[in-house]
C-alpha cells in the first residue's frame, strides 16, 4: 500500500510555502489538487500533440480523437458502465444535471412529480425547480434528521406513480452523509421513476458501480476528483440517453443540417455540441489512471483514521456544534464554534495556515434546517496528514480563545 | 497574529459582543435591508430623520464580528448628526476599508478608523461595508433592499 | 515587429517531427496551437496556486478569484466592452450561442423572425432552428453569392419589424469572407432587432471592438485564439444580459435558494453556474497577454502575404475549384481538385506532412450551395511560413499526379 | 509514398475511375442507403435476390475513391453468389480492414484483398466499410438506411 508520504510527493503544492506559511489544505470538498502525472499529461499534450478531434484525417488529429475516446472507455470501466455510449462529457456536475433536467425534464407533464432531498447542493435543486416551473410539474423534498440522515419513511410516502424523477446526492457536501442510494433506487424503480445521483462528492471517496447501484444517471466533476477543471461526466443508461432530445446544439453533434431540418447523431455525441474540452478530457484520463493506481481501498485506509481523529479531537473541545453524524460518512466535517461567526473563524484559520471553507456551501436549505447562516467546513483528502488535523484543531482552539 | 489583531481591534470585539443601537425603530422614516448571501450577513438599518437630522438610528440582524461591530459603531457615530454628514462619512468609510487615507480623512471618522485593518483582508471589506451600503440605500429611497457580494 | 522565426520559438510543436515527419500545420481554423507562455501559466497555476474561486476566505482561493476576474477585465479591454459585467465565461462559442438562443430566445413569440446567413457554421444555425421550433418563430436565411459575399439586398428585404434577432458570422470558416458586420448591425437596429456575431474565426485575425461594431452579442472560443480548450466568451450588452433569464442553474449563480423560490445573482454571474473552468480562464488571460504583445498589425502583416502567395500559386494549377473570393477575407482557403474526392486528398496531404482539414467543416449549407460533398481547407495562422505554403502547393500537385 | 501506394492500389484507382455495377436496379428485392456525413460519402446498394441467390447487385451514389471502388469491387465479387456467401465475405472484409488476416481468409476475399492497405489508415476504414454496412442492412431488412461515422 502507498503511504501518505509517497503520495504527497505527487502533490508538491501541499508542502509549498505561501507568504512564508505552509497551509493545511482541508478544502477538498470544494476542489482537489492535481497530481503531477495529470499536469504532465496535459502539458505534454499541449506541447507535443495539440490538435482537434473528430475531424482531421491527419495524424495528430486522429491521435487526439483516439485519446479522448480512450478516456471515455476509462470512465466506463471506472464506474462500471455497460457501454461507452453511456458516458457523456460535460463541463462539470452542474452541466450534467442541467442537461438531464432540461432534456429528460422536457418529457415531464403537468402534475408529474420530481423528488429531491433537503440536503442537496444548489446544483441539484435549482435545475429541478426551474424545470418544474416550466413544465407545471410538482417539486417535493425528502427531509433529513438532525443527525443528517434522510427520512426514508417520508420518501416512501412521497413516492407514487406520479413520481417521474428522483434526484439525490450520493454524499452530502455539508453533512458528509453517504446516502443509501441502492435501496432508494430500488424503491423509486418500483414506481417507474428514474433516479439521478449527484456523485460530485462521493466519487472522491468511494468506488462507484453504476450497474450495481442501478441508478439511471450519475454525475461528477473532474476537479473534485483530483483532476482538471472544465470537465465532468454524465453517465446515463443507454435506453434513456437514446430517447432523450439533444441539449446544446451545434457542430459535431449533428448528422445532417439543412435549413428545413436537422438530424442528430446518436448518444453520446448528440449531447456533445461544439469543440470538446480536449486537454481536460485527456487530463481526466490520466486522473483515472492515477486513482486506479492508488486504489479506493488505500484511499479509505488513509482517510477514515483522519476523519475519526479529527472528530474525536473536535468533540473534546467545548462549545462546538457539529452538523451531521451519520454512521456512513465521508471526511467532511461541518461545525460552528459557539459565539463565533463562521466567517470570522475563516479569517483566523487563513491566518493560521489552514485552508478550509466557511459559508453556506451552496446548500442553503441545510443552513435553514439548522437555523444557522453558515458553517465552518473541514474536508479531508487521501493526501492529508495527522499533523494537518492537529494544525486545524489548534486553529479551533485559538479562535475560541480569540473571541472568548 | 498582529495583522489579525489589527483587524479584530479590541473596540471591534467589544462592539461585536455588545452591539449598541441593536434594535428595531418602528415606525421609522427610512430603512433598508442589506444582505450578503455568500456568508449569510443579514441586517436591517432603521433611521428616524427630521429636517435633515438623524434623530434616531438603529440596526438589527445577524452576521460576523466585522459587520456586527460596523453596525454598532456606525449607528453610534451618526446619531444626532445631519444626513449630509452621514453621506460624507459613508464615502470616507468605504474609501478607508479599501484604500489608504489621508490623516484629515481619518480625523473625520474618529472611532470608526478602527476598521482600517480591514483593507488588508479584501474578502472582509464587504462585511464592514454592508451596513453602510444599507444606510446609503435607506437615505436614497425610503425603504429598500440591497445585497453585497 | 516580431518576425515569424521569433514567434515560432514560442510554438515548439510547429517544428516537432512526428513519426519522422515534420508537418506544415494549416488547420488553424479548426484549432490553434498554444504558445509556451500560455502552457506555462496554466501549469504554474496547477502546480503552485491551484484553488477554487468565489468561495474561500483563504489566500489561494482569494488569489484564484482575483486572477479569474483579471481575465474578465483583460477580455473586456481586448474587445473593448464597456463594462466587465458584459463578459460571460462559457465553455466555447457553441455554448455562448446556445446560451443566447435559449435565454434571449425565450422572449421570442409566435410569428417573430430570426435571420441567419447561408454561410453559418452549424453552431450558429441549429440553436436558432431549435428555438424557432419551440417558440413558433420564423427562420430566415440571407443567401451568399458564388464569390462568397452575403446578398445585402436580400437582407434588406428580409428585415422587418418582425425581425427580433440576426445571427451572423464575422468570418466564414469555409469561405474566409469577412462580413460587413457594422453595416449589417446598423440596418438591423433600425428595426429594433438584436444582432449576435459569431466571432469564432474573426478574432484570430482581426482586432475586435464591440462598441464600434455596436453588436448586441459577440461569441468566441479560447482554443481558436491560440488559447485553451474548454473556455469561451459571450459578450453581451449590459442592458440585454441584465434582463435575460439565467441559462444553466446551480451553485455560484444564485442569490437565495429556498424550496419555494430561488433568486439569482446579477450578470455575469447568473450565467456562470457551477465551478468555473478556472485553469482555462487563467490560461485565456495569458493568451490575451501574448496576443497583445504580438499585436494585430503584426498578425496581419504576417498572414496576408502568405494568403496572397498561396492563392496565386494555387490559381496557377489547372483543375482547381476555389470556393470564395471576397475582397475582405482571412487566411482560409477552401477548394477541390477536379476528379479527386476531398477525403482522398486529405489522406495524401497527411502522408506529405500537411495537416489540413477536409469535409463539410460543420457548414453543410455551404456544401449544398456549391453542390459538393466536401472541400479541402487550408488555413493560415501568424506562425506559418512561406516554406509551409510551398509544401502545401507541392502536395496539391502530387495529388493531381496521383489521381490523374 | 509506398504505404500510400498500398492504400491506393492500382485496382482501386481503376475501379474508382470506372466503377462497375454503378446503376440503379428498380424494382429490386432489397436495398439500403448508407452515408457517412463527416466526409459526405453517400451510396445506395440494390439487390435482386431469388431463392437465396444474388441474381443482380448494384450501387449508386458519390464518395471518395476508397468507398467508390469498394462498391464496385463488392458488387462484382458478389454477383451470382448466395446470400450466405455475401454474409461471410462481409464479415471477413470488415475484419480485413481493421485487423490482420489469416491466409485462408485472404483466399476467400480474392480480389477484395486489395483493400488490405486500409487498415493502416484507421480514419479510412469507414470509407471501405460503408457499402458493406449498407449491404448488411439491405440483407437484414428489405429497405433501410444506415450511417457510419
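Think of it as A, B, C and D in the order they're written, each chain with its own count starting at 1.
Following the convention adopted for this analysis, contacts are C-beta pairs under 8 Å (C-beta built on N, C-alpha and C of every residue); 3 or more make two chains touch, one makes a residue touch a chain.
Nothing here was measured: the structure is a model prediction, and the numbers come from that model.
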Item to check | Chains in simultaneous contact with subunit A and subunit B | outcome: C
Checklist entry - Would you say B-C or C-D is joined by more C-beta pairs in contact? => result C-D
Checklist outcome for this item: Most remote chain w.r.t. Subunit A, using mean C-alpha positions, is D
Item to check | Distance from subunit D to subunit B - Cα centre to Cα centre, in angstrom | outcome: 80
Checklist outcome for this item: CA centroids of subunit C and subunit D: separation to the nearest Å works out as 38
Checklist entry - Taking each chain's centre as the mean of its CA atoms, how far is subunit B from subunit C in angstrom? => result 47
Checklist outcome for this item: Distance between the CA centroids of subunit A and subunit C (whole Å) is 31
Next on the checklist: Could you pull out the residues of subunit A that touch at least 2 other chains?
Outcome noted: 55, 57, 254, 256, 343, 347, 358-359
Checklist outcome for this item: Where subunit D touches two or more other chains simultaneously, the residues are 37-38, 123-124
Checklist entry - Okay, in this complex, where on subunit A does subunit D touch? => result 54-55, 57, 62, 66, 254-256, 265
Next on the checklist: If we count contacts the way the header does, which residues on subunit C are in touch with subunit A in the complex?
Outcome noted: 12-13, 16, 18-19, 23, 27, 30-31, 33-34, 36, 39, 42-43, 46-52, 55-61, 91-95, 97-98, 121-127, 129-130, 139, 141, 221, 223, 228-231, 248-252, 254, 256-259, 262, 273-280, 343, 346-347, 349-350, 354-359, 362, 364-365, 368
Item to check | subunit A-touching residues of subunit D, taken from the complex the two chains share | outcome: 37-38, 122-124, 147, 149
Item to check | Contact set on subunit A toward subunit B in their complex | outcome: 340-344, 347-348, 351, 358-360, 367, 372-374, 402-403
Next on the checklist: Which residues of subunit B touch subunit A once you look at their complex with the stated criterion?
Outcome noted: 1, 3-4, 7-8, 13, 37-42, 62-66, 68, 121, 123-124, 127
